[in-house]
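Look for chain A in each of the two complexes below; its partner is chain B in the first and chain C in the second.
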Partner chain A sequence: MEARPGIMPTVRKPSTRSWALGLFALILVAAFVVSLSLGSVSIPLKEVFGILLGKPTLRASWTTIILNFRLTKALTAALAGAALSVAGLQMQTMFRNPLADPFILGINSGASLGVALAVLAIGATGSILLAGISTAGDLGLALAASIGAGLVLGLILLVGRQVKNPTTLLILGLMFGYAASALTSLLIYFSLPERIQAYTVWSYGSFSGVTWGQLMVMAPVILAGLAMTIFLPKPLNALLLGEEYARSMGVDVRWTRVFILLSASILAGTVTAFCGPIGFIGVAVPHLCRNLLRSANHKLLLPASALLGAALALIADVLAQLPGSQFVLPINVVTSLFGAPFVVWVIIRQRKGRTSFSI
Partner chain B sequence: MNAPILSARDLQIGFQSSHGSRKLIASGLNLELCAGEFVCLAGPNGVGKSTLLRTLTRLQSVLGGEVLLKDKALHAYSSKELAGLVSIVLTEHVQVNVMRVRELVGLGRSPYTGIFDSRSRQDDDAVQKALALTDVAHLSDRFVQELSDGERQRVMIARALAQEPLLLVLDEPTAFLDLPGRISIMHLLRDLARGHQQAVLTSTHDLDLAMRTADRIWLMNRNGEISQGSPEDLVLNGQFGRTFSQANLRYNALTGQFEEEGGKALPVVLRAEGLAGAWTARALRRAGYEVLVEGGQELPIVEVEGQGASNCWRLTWQGITREVSSIYALLAALLELA
Partner chain C sequence: MKKTTRLMLLLLVLVLSACAAQPGPSNSDTAPVLRAYPVRYAQHFTLEYGEGYKKLTVTQPWAGATEALVYFLIPRGSPAPKEAGSAQVIETPVRSFVAMSTTYFPFLEKLGKLDALVAVDDATYAFNPVVREKAASGAIALVGGGAGGGSVNVEKALELQPDLIMTSASGSPELDAHPKLLEAGLPVVINADYLEQSPLGRAEWGIFIAAFFDLEEQAVQDFDALAQRYEAAKALTENLASKVSVFTNTDYQGTWYVPGGESYAALLLKDAGARYIFEAQPGYGAAPLAFEAVFDAAKDADFWLNVGFASDLESLLAMDARYVEFKAFEQGSVYNYNARVTENGGSDYFESGVANPDIILEDLIRIFYPDLLPEHALYYYQQLN
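Up next, the complex of A and B:
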């Protein structure tokens, strides 16, 4: 082996990896605590911990606020952020497309169509949604979205096993999305204004509508989707070189593709069903992780995206509360407001360097 | 010669669509490839070189006949077994960001590392060895996107070597490289085949380099037929000339170069030796003259005098003599007198 002075290969210490993940985990914990303590009613941090540990509090209402509103919301935000980021990372790698996001195959268009059908066509659900609190109505909405997302997923899997080229799959996914969006628009066009309002509220996205009952469904499904990815670092790393190289290295590309589609769609579909379509987290977090960690290795990127995605979703939710005010912004307004400039920044930054914008 | 690693019997290659219609590109191919052999697949553009390579590496399916890899049918291998025997380098640029050279080469260990990709000492050694063989060990910690085209191609070859294949297959590995880069890649491939018990098969457009480095050439013509042989055999039996012949272009078996076939060339008598003589002859041929050693007084006569950098060319024709100090001026003088 040739040894050149000064540029001898240095073995990267495994601790670099644990450090980064540890830091992201810390950010997540901090964001979680901040998210619990901030809101329209201010509750001292000490009391927040007390309530979480089951100690008696000064005011009973605080316990209710923390346990039944803020804790569910924070858990929902963390799960949704992790799910969308991991799904986005998988899509970007599988399609080798830096702008791919969890919804690129039309999952959220399918979910939107489901919700639109429930709210606009069936109608009855709409009025319940406006009331906002009814569990039956919300669960119905989640069910409608799941069915819509599931139908698109089924179509994608059906086609995905047969299509040879991932780009073809991408285009087909886009077409499914367009078709579903067109049907949604058609429904909106022929609907009553107050029902459209209900649909619009759902489409803004929110972490706060999820109840403990719904969380009992949402959390296990998302955790299962995340757990599936522990088998994926190796095939995803190989896919960075393209499907043909991956095949030549012994990766079963078709099976891997189905597994990735299933995992990513379960993650994205579940989030959309319970929280509405949440944009930008799924496209931005994987890039952020690659750039911060200077690594393309999915052994690192998958857990990093989950942690950072969860943290950023919590932070976005905190910002959406407009701390100190009574207003609450739609979560998509916050993610897009910060997300859009971020993507622009990544593109410009990469153009300046000698690398092209890629995954 | 060693026993063949890969052999094809009556092979048909081409494309098959999902609803069963097929487009044959070549059929009746009988090929073989031995351990330690460096084979170049050459032929005009669009004859199906890539299709053949893709079929032999199972990226495309065999449409007829059979391919044997180590005496077992190619399709009988599991994808993991095959990955341990055959590795590839493709033409297209791999676009990856923030991946280090060592990681990229390490991907070549995929067939050996299990579902959770756990790396053993043996894997690290194989990566290190591949980096050393391709002379890119000093680039280990660089990002792939920072490499030059030549370095990148070496790294891609290192990745293929880390797979420890019996057969390394490359599709136009020199396509994006400058001349020194092309030469060094071809020499590297030849050395890899010679020094180790693996075979190397590459397609190339670089006939000249292939002729100088390959142990054997598979020459594919426009009808999808392949002639095999040492480069010299293919020149002597005329296959080379036939395969690449085009209107106005002819393979000169003596010089080993392609020459334009134009109208009647004007003969010029060249009396010169050494380096200056050789390059003068080349220049005259390039300008469309026929170069003779002896000839009558009615023909232009070119003499070269001098040594090293200071040469002098004397042109005598139709009683006029011109002395010039460069080949460029010589060609101008010939035109002027004609």
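Up next, the complex of A and C:
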């Protein structure tokens, strides 16, 4: 890869790299602590640490709030942020498209359709579905979303192996998405307003709805999806320069593509299943990392995206909780409203006319 | 300057109406009123009687509306009164009725006029068995575009030529059915019962509906008896030594919509002698609170009501395992208003409940203080097991 230094993205010295990753990790830890200590109910920081260490508290409800509400929420936010950012990075590189996000292939629409079926079509299509969903216990909505996302993923993988051109794949994914969205709209159109509310709130996205029972499923799957990317820095770096070049580097493009699709879809699909469609983070964090680190090397970008994505999701969630007030905002409102100007600022400040996306 | 303009306008109107050689539009506000129904609880309609007509005014047709809607009801075949001006004139008694909301069914049923119902917007979520049966057999037509609002089948409505279409309105033309229907020349009346927060105020709209059938005397009698039952039940809870505490609704992914202290739901709880945990929340809209805020405030509340679609504790817990932490859940003091629902999810609480606030109140009192109403069997509510 070092053979074409003129085109290949510059890679900083290893010392700079680990220094940057260390800083991101520190930000993540700080965001995690802030997320645990701020919320609608005001709990002193000393008490928060006391509860985490298993000490008795002034109020019994505080223990529940920290352990069953804020800790699950913080872990969920961190996992989701990391997963979406890594999935977004993979999609942007694979499609060589700076606007690509984790949901570009319609995973999101598939998950939404699954949830819409579970929430809205209960009764209308018979109560069997409801029975099935509620016996799944804690995993009801997540299960429905996973099935929807899984179906779309299956279709994409099936087509992905046949199609030569990634752009064709992109268009096909878009079409799957449209079809699934149309079916969702149809369900909404014929539903009770109270049920539509349940669906609408899900579609706003949230880290707060995940319980320990759900986290026990969500966390291992996301960690597995992240672990898969350990094998990907080299092929991704090669793909950045085009499939022909990657092939000449000895990369099995077809299988790499399937591997990337699988890992990115597992990551994005799982997050959507448990948290609803979370926008923006998946597009923005890879750009932020490229600009902050001035690098396009995936050895650096993959862990950096995971760390920064986790930290930013936590910070966004803290803002969404409007600390001190009883109210909450939808997470997507916060990520886009506060995140967009921030990313614009970083990109304008750091770009200096040269694109580090290197296309 | 202003005065001159007004004078000019008045002159113009006079000239125009003289040219038309017909009774021209005059100000309906100055119409002589012989008598008026003294509305007791409702805030958004009035009923007045003039010479040869009834004048129904919807003072606030939708939230934020700045103008009232006026309807002149005249005996079938008689000429429109000159007082009507440009207001809508409807011949009574109406023989065919189109209901764009299920909440009109119980009022029609009480009046014995359910057979006048020729069409509904959508029967999927109707509870009334007669309506469901007739809709299934085609005796009642469907003219709506789904419960989510949307387009009205104007062609179908025109074909039916109903004497009256009753609907609610939001004020935004893209959501409402009535502008299109009015444009087609169909007799559309806006019912704003949902704006009433007082449970009795909402039920009083039965008189508004009855006026179109010339049955308002009967409706007034019915309503007076209902109000008496409601007030009697409410009086039972007036001298309680201690009040039970109650919270409502469920969490949606970390957001818990809490009805304001002046809302319909909160007023019912108050009249039932309960202390609503969130009574200090201003207004009647629902505030999006954080789950942890609700948990902190309602953890030790005695009762938990109105838990969405859950019909047993297990399915409630399936929505969120953390519900187990509420004292009300632990003690099994969870009640939902879904004792009467159809397979499709059509709920009688939301349908006939509007017309029977006395029964809802008695349900609530029976739940909170069983000794006060030992004979009453729960009708809309059920305890979750």
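What we mean here is this: the second predicted complex is superposed on the first by the 310 of 359 C-alpha atoms of A that agree within 3 Å, B and C clash if a C-alpha of one lies under 4 Å from a C-alpha of the other, contacts with A are read in each partner's own complex, and residues count from 1 in each chain.
Quick note on the criterion: a residue touches a chain if its C-beta (ideal position, glycine included) is under 8 Å from a C-beta of that chain, and two chains touch if they have at least 3 such contacts.
On a predicted model such as this, the values are computed, not experimentally measured, just so you know.
Which of chain B and chain C touches more residues of chain A: that partner is C. When the two structures are aligned on the shared chain, A:Gly114 is found in touch with neither chain B nor chain C. Of the two partner chains placed by the overlay, neither chain B nor chain C lies in contact with A:Pro277. By the touch criterion defined above, A:Phe190 lies against chain C but remains apart from chain B after alignment on the C-alpha atoms of chain A. In the superposed pair of complexes, A:Thr211 makes contact with chain C only, with no contact to chain B. In the superposed model, A:Met249 lies in contact with chain B only, and not with chain C. Contact with neither chain B nor chain C is seen for A:Pro286 once the two complexes are overlaid on the shared chain.
Once the two complexes are laid over each other on the shared chain, residue contacts for A:Phe231 go to chain B alone; chain C is not touched. With the contact threshold set out at the top, not one residue of chain A is in contact with chain B in one structure and with chain C in the other.
For chain A in complex with chain C, the residues that touch the partner chain are 39-41, 61, 64-65, 68-70, 73, 122-124, 127, 134, 136-138, 140, 188-198, 201-202, 204-209, 211-213, 275-276, 321, 326-330. Interface residues of chain B, counted against chain A in their complex, comprise 18, 57, 59, 79-80, 82-84, 86-88, 90, 92, 94-99, 102-104, 107-108, 110-111, 113, 115-117, 128, 131-132, 135, 137-138, 140-141, 143, 145-146, 163.
Those residues of chain C lying in contact with chain A across their complex are 122, 124-125, 145-148, 150, 251-255, 257, 287-293, 295-296, 299, 308-309, 314-315, 317-322, 325, 342-345. Interface residues of chain A facing chain B in the complex, by the touch rule stated above, are 1-2, 4, 7, 9-10, 12, 96, 162, 230-231, 233-234, 237-238, 240-242, 244-245, 247-252, 290-291, 294-297, 299, 350, 354-356, 358-359.
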